[in-house]
Amino acid sequence: MIKKSYKVVSLGETMIRYSPKNFQRLEQASEIEMRIGGAESNFAIACARLGLKAYWISKLTDNPLGHIIAKEIARYGIDVSQVIWTNEYRVGTYYIEFGSPPRPTRVLYDRKDSAISHLEPEEVNWEVIRNCDLFHTTGITPALSTSCHKVVLTGLKEAKKAGVLTSFDINYRSKLWSPEQAKDILSSCIRKVDILFVSEDEARLIFKVEGKDEDIVRWFKKQFSCRVVVLTQKEEGALAYDGKQLFKAGAYSTETVDRVGTGDAFDAGFVYGYLTGDISKALKYAVATAALKRTIPGDIALITLKEVEELVAKGEKTDIHR
Amino acid sequence: MIKKSYKVVSLGETMIRYSPKNFQRLEQASEIEMRIGGAESNFAIACARLGLKAYWISKLTDNPLGHIIAKEIARYGIDVSQVIWTNEYRVGTYYIEFGSPPRPTRVLYDRKDSAISHLEPEEVNWEVIRNCDLFHTTGITPALSTSCHKVVLTGLKEAKKAGVLTSFDINYRSKLWSPEQAKDILSSCIRKVDILFVSEDEARLIFKVEGKDEDIVRWFKKQFSCRVVVLTQKEEGALAYDGKQLFKAGAYSTETVDRVGTGDAFDAGFVYGYLTGDISKALKYAVATAALKRTIPGDIALITLKEVEELVAKGEKTDIHR
Amino acid sequence: MIKKSYKVVSLGETMIRYSPKNFQRLEQASEIEMRIGGAESNFAIACARLGLKAYWISKLTDNPLGHIIAKEIARYGIDVSQVIWTNEYRVGTYYIEFGSPPRPTRVLYDRKDSAISHLEPEEVNWEVIRNCDLFHTTGITPALSTSCHKVVLTGLKEAKKAGVLTSFDINYRSKLWSPEQAKDILSSCIRKVDILFVSEDEARLIFKVEGKDEDIVRWFKKQFSCRVVVLTQKEEGALAYDGKQLFKAGAYSTETVDRVGTGDAFDAGFVYGYLTGDISKALKYAVATAALKRTIPGDIALITLKEVEELVAKGEKTDIHR
Amino acid sequence: MIKKSYKVVSLGETMIRYSPKNFQRLEQASEIEMRIGGAESNFAIACARLGLKAYWISKLTDNPLGHIIAKEIARYGIDVSQVIWTNEYRVGTYYIEFGSPPRPTRVLYDRKDSAISHLEPEEVNWEVIRNCDLFHTTGITPALSTSCHKVVLTGLKEAKKAGVLTSFDINYRSKLWSPEQAKDILSSCIRKVDILFVSEDEARLIFKVEGKDEDIVRWFKKQFSCRVVVLTQKEEGALAYDGKQLFKAGAYSTETVDRVGTGDAFDAGFVYGYLTGDISKALKYAVATAALKRTIPGDIALITLKEVEELVAKGEKTDIHR
Amino acid sequence: MIKKSYKVVSLGETMIRYSPKNFQRLEQASEIEMRIGGAESNFAIACARLGLKAYWISKLTDNPLGHIIAKEIARYGIDVSQVIWTNEYRVGTYYIEFGSPPRPTRVLYDRKDSAISHLEPEEVNWEVIRNCDLFHTTGITPALSTSCHKVVLTGLKEAKKAGVLTSFDINYRSKLWSPEQAKDILSSCIRKVDILFVSEDEARLIFKVEGKDEDIVRWFKKQFSCRVVVLTQKEEGALAYDGKQLFKAGAYSTETVDRVGTGDAFDAGFVYGYLTGDISKALKYAVATAALKRTIPGDIALITLKEVEELVAKGEKTDIHR
Amino acid sequence: MIKKSYKVVSLGETMIRYSPKNFQRLEQASEIEMRIGGAESNFAIACARLGLKAYWISKLTDNPLGHIIAKEIARYGIDVSQVIWTNEYRVGTYYIEFGSPPRPTRVLYDRKDSAISHLEPEEVNWEVIRNCDLFHTTGITPALSTSCHKVVLTGLKEAKKAGVLTSFDINYRSKLWSPEQAKDILSSCIRKVDILFVSEDEARLIFKVEGKDEDIVRWFKKQFSCRVVVLTQKEEGALAYDGKQLFKAGAYSTETVDRVGTGDAFDAGFVYGYLTGDISKALKYAVATAALKRTIPGDIALITLKEVEELVAKGEKTDIHR
């Protein structure tokens, strides 16, 4: 199949993810589910599930936790041969305590001093990016450390130089930095980005953009000259703008099993559709992949291309503003 | 109690049923729930729970899987002494991957070459049927093999000869045969049936019946001369027609835990009500038994007669067309 | 913090609580969840979670089940040093089979002849009550035995004598006594109570009070001269009346994980708010604590004061009559 | 098969059995295994597994716990139609905390006031015993209550009158009575018994018999005129004496998974061998069935006749005095 | 590292493996562990864990069960791109019921009509074998079907032609064929094999070789002209013979957690040692890898090269004849 | 009881402890057991189980993980009111992968930058120590950081000044420091210690003591002027020396379920026996408490005083030199 020929590469941190079962609080748990999760590897796996060839770059401590991460990612056919292994630092972990209204879901990060936060641009084999069709990372990576910020800038630059598409999801994490800290650093990255994923909340909180959703995408387009700006909305619908045309997609009505990783699945669906089609297809595949992800326990979108296509075909979605 | 004196017998395949927990996909599961399931044994067990004396006829491979099936059915007081044991063939299995909207629930059958698909009419002790008040089977059985089709026809004939009531649920399985294949074979069976259970979808897909639900039951009554035609509707309500009168029952509003086996519970509720009362009672008990089944994990309707009666008395149901 | 200085003490029975997982019926369970539960210890723990110093008085059989109960309660900082230990009698147990509509949740008690039902007033160290700010118990305790009734009356009297506030939740259990039996005994207790918690259903069933909710609280106020009468409504909102003013609080919209213990959390929230503020604060904290409890598996309100305060501040609640 | 024609009936108490997993102490368990166990139903099930037709008589409270017991026993083909159901009293429970040397396994009974302890001879349908080949019970039953003692004496008398064999296992439980209490009551039973099962420890503790094992069996034979006296030894071997000849069987070397129920399996193996052969066969089948039971979690000997026969044939056992 | 440059390829069937937990019998299990297992993929994964580059060839049905197998194997870095996918046939399954002495562990296969049994030589991309250093398969593969026998012969021929080493483990499965059937077909394969793995039992049962272990390896060497004959002994030690010298290795004393897959780990350890050293090293790594496998649940040897090397260095093993 | 009047206090780090089940490797685990563990809290809990009043001093991050630790310790009646809470740093975690011979059990620490490693002497309320009878800590604490070393020295000095006994277990952790680093720092601590616990291995590795076990205890006595030197031996027996007399205790033969925490249980048993008796009693209780701990899953010695006393009375132990 022609789509098999597309190659994507992502770079970022993946952590061990712990979650108590059945809405238990952490303090009730005597057994806890152990999985992995990380925005960029979630993206890479979702791409692979959709039929793209995917690579994942990161830095991991050479201990059983690090190997759990690399093996679980490799399981889905992702090339993890470019992971940098070290005997120093630690493997980040995070905890999700699933809530039920009115109790919010809570996330606890224990990721400080992780191996990747010590990653330097010189350690990465940038050749991998040059051989791909698209390079993806998110705003989490530059938030980890100054050296990680340099890594992201280098990656984006290398991609540009080689004519490789770049995509970037803002993915703002308030536990890593403040909106003010984020703004400058993210801006330095976005300037090198072709496809920008930003949520309504992020646009307003970090960049203080006002107005309607349509105004937001126009603002980013103008400000950063990205090729496409994709806005995800509170109601789970989405908007894309390429400077000429506005594309919209309504959200599917879902019964959510686990919403972590939904954004990463969205990005992967968009990238798949964009590489194999156009913005219109991209947006449709993005919301469908995201909707299916929500029904699957864990960070990872264990979907098949066929399932996404069936959902797109069925078109069972609510309209944008409902 | 008077109802204890009624005896029913069913004949069909029962499989080992595997299902991953908590909406996991099969590929995520390291532990999987192991139960049993089969339309006709589900029916027999639900009848026994309601107070009828039930028998179950089948053919099983004499290995641990076969014995799991027979023992689990015996547990509920079903007489399994007429099961034919063989050292050949295999025990069918099936997998349910529970979905959450918009991800559909998926079933994977691994039932080919099961022992019962090699069952011949001569192997069955038909005496059991002659001593019962009702003989039940479903459209799954003739779909399994030519010899199974013969077994069903023989069973229905033996019942007729002995003045034993017969009930039959279309239970169309698209993974076993096409609508075209099903139509002729099912028709040959239905001609010998007293109580026919058919769903709106089956009527339209296999028999190409058009019109309103009322038209459908009239069509079947006319075409096959069944004593009663019972139609289950998309909205989980039901309709029964005996040539003179139309009976209707609205569906209960339910929060479904596991919908597999709902139809079998419906059939059992109907048969119980019919044997101990009339069509009106039958339809009420059918929808109540079905509604309770939906709240119980697994194929089997682990209800009590008292629970069904309480629900029928409470009458907490939505109207037919909502 | 000033609130740390408040001390509350409760007295009552706590049992081992068994519940099958995932909506299974008891007869399906091969593994069953083992927790503890009891109205008065639930109250004490919820108070401790909110920052009050709590004591719990009871009588337990000195075997592993008794120690599970005492240790689990001690875990949350409750002082259990006044528990009376005996080598006689048994530890009560109860079973919850969670239903899903239309199947009701069923509770099976196996609590007869428990140690506390043999508790005599002379065994209790009443000094503890005299040193606290509030003494709480519920209508379950006098329902257990004649000697337990005496214990409650003695406790309420001791509190009154020492100028200690008393709170009392009707907590009617139809499996322990009839409305008629309950009425007289409960009335003898309520006469000594400062803060009375009663539900709409209990008011109508046991005390045959008629009229609107406002009429009910007025009736209790007049009849028993309690300082405050708090009425919990079917729709999970609440009403409080102190003889002068009517206070109302709407219920939060919740997705319930486990509703057992909601009333105890409500009582604790109220008592916390009342001790550290006024009736208006009390009612707000009551409905918020109760709403959060509903989202947590087990009897116990594993909430934090901060979570309750956030919810109160957010005020995301439905209005009273919706 | 000829062996299918033998019928046995047992009478006694069966309880819900709880056990924490993986050597946990009860206080560590948040989930606990829920099974059933009772000497006489264990015996009946083991007999059924070996091919005998078995009946079980008991009295159970009509609640979900009672039905779990009856259904689990029925599962193995035991006829439970003679169980007496009541709405009063309770279902006994017991807890096993598995130890590992030097920590002993501990059992906690919560069986007081169980339904069967209120069983009266008039409630039992003695016809069942008259139609069987053997009636079995154990010393636990008369220990439960005076009325249970009467039931056992009546049962043994009815059996004698009808020429039905009787077997009886001393099964001394120190938590139910003292050796002194046990001696008289057990003696009144044993006088009516054909096959007596007694352990070395019981003989010495209750009956103060001294000397070697051979002396013990001779003493019982002389004292009580049983047809056969079977002695189980500390090293898990066994000795049988019929007044003429001494039979011996060495124990198998086993790696024990769960030793509860071993004695019941021994009894069943003996009875099977005795009914279908002679004392020599009986003893061989007794030690083999017991050895296999030890490898199976739970009270119940989930063995097959074929497995027992293979083990007997293989004869892989340690000699008597090793 | 130099060892990374060696490439091995294996061909054979892998099945879904089900096993009840904690010595339960299958009929007790309500949850069952779901893993994968197959001699040749076990070998490939063990090789990969030791640092070799491994490929696995097979034929799988394109359904969730087939993908579980492929993904789990890919997880360890095995190249599964040469698997042949089909929409026909089924995925084989097998069940292990772990025993405890004297109850034997029992295996139940449900593998008939699996996809690989329909594999034809023309479907395989033999280029893969030509690019590797060693081709491995076992006697299970030719036992599956006539076409599988052809596939094995073709594979061995292709390897020979390309100068690629071949290794072959007899792996006799009595449930697949008789010793007589096996002898001829295995002989046709062994003639093309460089490294033959045979157990003492297999040698005596199938090939009727008599005499001491040393005689057995000499017999095979003479009969089939293999380069090396490796004999695994009952006591878990091993013997290798290359026509000139006899090599011996004693077994480690182990506490076995799961013995399935031990032989495959042995083969992988041998192949690793042979490719990176000589027969002496091969034998040492074989017994060490096998000993470590025995301590790991599941078919797969989740060891690291470092662990094997530490064990080899430590040399904590019992002598050959103990 | 007189023993209740003794008070002990310990100071050190406690971590979240993760362990895969049933000998799984970490990389196999999808669910993992979550407990707590730390030498000094293990000691405090074991003391409390034996009837002493215990306090535990530490520094914890104020997040759910920190509260799990404090609550779990409080559960056993330990006073945790002197824990210092902080919003900075992290809660240490550790992983145990249980091995089976010849695979060793592996521990992975992720404890760097934990809150306690930032503990300063000024933060501790030393008043607690002055009110106790004994202050206990281990060599792990000074290994954590320079400030922790200071804390330990201050604690020992405060205890000395107040005439409070001090006990100290070397507890060498090779993953925290080298023998050379350990020697000086440990020596500075031991000089202030009354009761020293040291293992044979530690004596030889860190202090390079040679000779027989008797020589070792004499060397420490002479070198550091401790009141009692207690040596634990490889075979799990122990030796104590007070300058005048040598005391010996043989080890119990045990089947180990979880050996982590055995040394802490030993220390607690010794301290209990010493405070309530003499060195001879202390040593007996030490080995008995340690033996029982080995049979219990998790770090914590969930024993009762009665169980220890029964074991001491039974005296079922192997002799010293087996």
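A, B, C, D, E and F label the chains in the order they appear, each numbered from 1.
Heads up, the rule we're going with is that contacts are C-beta pairs under 8 Å (C-beta built on N, C-alpha and C of every residue); 3 or more make two chains touch, one makes a residue touch a chain.
What you see is a predicted model; the values in this text were computed from it and never measured.
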item: Numbering shared by both copies at the chain B-chain A contact, with half separating same from different; value: different
item: Pair joined by the larger number of C-beta contacts - B-E, D-F; value: B-E
item: Chain whose mean Cα position lies farthest from chain E; value: C
item: Chain C and chain F: spacing of chain centres that average the CA atoms, whole Å; value: 41
item: Between chain D and chain A, distance of the C-alpha-averaged centres to the nearest whole Å; value: 63
item: Sites on chain D at which at least two other chains make contact; value: 22, 25, 27-28, 30, 71
item: Residues on chain C engaged by chain D in the complex (per definition of touch); value: 18, 25-27, 29-35, 63-65, 67-68, 71, 90-91, 93, 95, 97, 108, 110, 112-113
item: Of chain E, residues touching chain A in the complex; value: 71-72, 74-77
item: Of chain D, residues touching chain E in the complex; value: 21-22, 252-257, 291-292, 294-298, 302, 307, 311, 314, 316
item: Complex contact set, residues of chain A against chain C; value: 22-25, 27-28, 99-103
